[in-house]
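Order as written gives the chain letters A, B and C; numbering starts at 1 within each chain.
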């Protein structure tokens, strides 16, 4: 198991390098002169030339990339072109709100969608189930920025209960987190419901009933553990969605997070900031995916022993290091 | 045992039930109430939106500001009210739908062409080819697709063509993966072996035999992906990176209406409703298609 | 005569589906005496499994519903019990071995857990003791104790079926229903599992209801046999009755369909036609469309279930004397 985790962490490296190459290439090839961004439109050609030299912009792109990555490896993401701050310090400030937003909504998705999905499966075709089917259809179709606007109109403008801006107090966090998870509640409760219904039809549930177990135990113990597998996959994939969606949420609610930082940086072609934002986001998502897979193997012994067997095979083949 | 089979064969009376896959699917689709509701919704939306040039004039009805009529509530003549520049919200929603849905469909077509090619090659040839294609796609999958789209659009300048390209690139990785999984499944079936034994070329096998079989379960995914892309366009427009003013687009309309939520609600409510109804219709149709087309879902 | 353990009277189970009402089990009457093994034989779709699930109280509802009849277990009609009382019988008084061992075990729990669960459920035992008993059960079905903490996917089909048997027998049930316990297994494993079941049954004096379509298996372990066709019992009697003197044309057809190594025949004589669609059963005798001896009467009226010799019943007009006295040809 430990070996498997190490292997997965090692596999992340080429992917993150790939991400950095693509984004670096795109940024370098796109029009716009960072030197002009830094020095302003009135800068003299000589100053611009000096700044380009200083930033290494005159080197061939592969050299620029290599120099950049050399610093990244030791944790130096450079200085922002636009704010002149150290990028790592900026991220230290900007990352926490985004993490709270993304993982907060992930958490609410879990605590809302799973119990709801189970209840709907158990009460299949009841009025409650039918109503929720329609409701979840609409919830899943609602973009977070629209539900956000509606909530702001209701709770901030008319009722005055919650602030429409910022993310520093718990009450300010409520609306952004709910808005970015509404679609997730709908989608994941539907997935849980469907997989629960699928599992309930399985032979081993009949075996459990034939043991004379209480129906509540059959559902909670035998059905749920199996039914959670598709939900885990889907929630794992939602991590990426939450990070992507947080860009829009941060713009709507005026949250000073990574998303807003990225948008500002993209507008000003602030290459170091963009690079750092993309690299860190992709690392977080890769780690989240790894955690998803681990959760999966925690629930399903078949997956667990697949990892173990893979390891054995490697050892037999005699090249354990990979 | 062979004897039994021989005697049983002519007795099979269910011959009349032989229908083609598509006719069968259509029958099942028609029986599915929510799919029918979705199809009616979608057809209505498409007809109303795409007939709008017949009664709307872009220059006069859609983008011409009328500063004497700003932020009027819904009333006769302006059924859904006017926006901050005095333009008719209904006219802009109808026109904007053409843009949102049009971009969504075109981007999906582009991404399914690329995705089917990559997925089919990857799944069919396997080995190193598969490794290279899938690992490269992993790189794109490592960035959240919305963030990828945002990055691409802001680097490329937000024209409609660039938007379509960015959206397509954002959805190619997941489409390719779905196609690859289907191709792998179908490639493993014996009829492919039989065709190969007849000496058909790889290209012929992929295009004539594998893809048609692979695609039917994917069609529903494609329909739902269009819904996702329409949401993505609105999201991009909402943060100012999508469709540019004065062109109407649902997300862009929401974004400009947002500044006036303290005074009026209709400017933000109606474009959102249009968006939600469209996505709901597409989801219902996609769900129905999945149940109707995927033979493995049959119970 | 031994004591009656299970007596089913006129059990009727129907499924209400979108495509119409399926009459899966139609007025089935059966008796199982203490210590005895009853074989229920019939083609796929004859309603054997549904009957068994009816006894277990596990018919999927909806769409299934028990529409009539009685199931007497020790002179108590268990259909009158409420769900909670019925639940206490399952796994303790009556237990069931299912057809497909590959899917009958929960993939996410260890086998010992799955056996201990039924023990803990019915006996006032702590976790440790239940586990200890579960391991004993495993050894009884000849699975080494050191494999107790493995998961089902690490077991072969035959071993899984033995675990299922261990679960079924863990609480010493009075009635064991085995639904085609060996069909999903390799032929060599089939014999082992059958042998094991026979052995355990004798040891624990459990009565058994064995559902199968394999007449060879029936001759191995059954005392009584009931032949089922299209949701009805068409013939029942002792093993000798059925094997030495089959009455019903369908029973004869079944015997005619199996190859016999001792006899030189050019062709097997299978039963013509197909099992009828259970949502659209023929009128009169359900078997008449496939019966060689069918007359007009058979398509109009339903024959009665008549006693031909003591304990040997058949449902055919030939034995009611209503058809021209044409003898049903024996299968040889």
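Keep in mind that, in the parts below, a contact is a pair of C-beta atoms (placed from the backbone, for glycine too) under 8 Å apart; a residue touches a chain by one contact, two chains touch by 3 or more.
Just so it is clear, the structure is predicted and the values come from calculations on it, not from any experiment.
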Check: When all chain pairs are ranked by how many C-beta pairs they have in contact, which pair ranks first?
Finding: A-B
Check: Looking at CA centres, what chain is most distant from chain B?
Finding: C
Item checked: Interchain centroid distance [CA atoms averaged], chain B/chain C, Å -> 51
Notebook entry, point to check: In whole angstrom, what separates the CA-based centres of chain A and chain B?
Noted result: 23
Item checked: Multi-partner residues of chain A (at least 2 other chains) -> none
Notebook entry, point to check: How about chain A: which of its residues touch chain B in the complex?
Noted result: 14-16, 18-19, 22-23, 26-27, 30, 137-138, 140-143, 145-146, 149-150, 152-153, 157, 240-241, 243-245, 247-248, 251-252, 262-263, 266-267, 274, 278, 281-282, 285-286
Check: Once bound in the complex, which stretches of chain B touch chain A?
Finding: 135-136, 138-140, 142-147, 150-152, 154-156, 227, 231, 234-235, 238-239, 241, 251, 254-255, 257-258, 261-262, 265, 268-269, 272, 275-277, 279-280, 283-284
Item checked: In the complex, chain C residues that touch chain A -> 56, 58, 87-92, 95-96, 98, 100, 103-110, 114, 117-118, 121-122, 151, 153-154, 164, 167-168
Check: Tell me, which parts of chain A touch chain C in their complex?
Finding: 202-204, 206-214, 222, 225-226, 299-302, 305
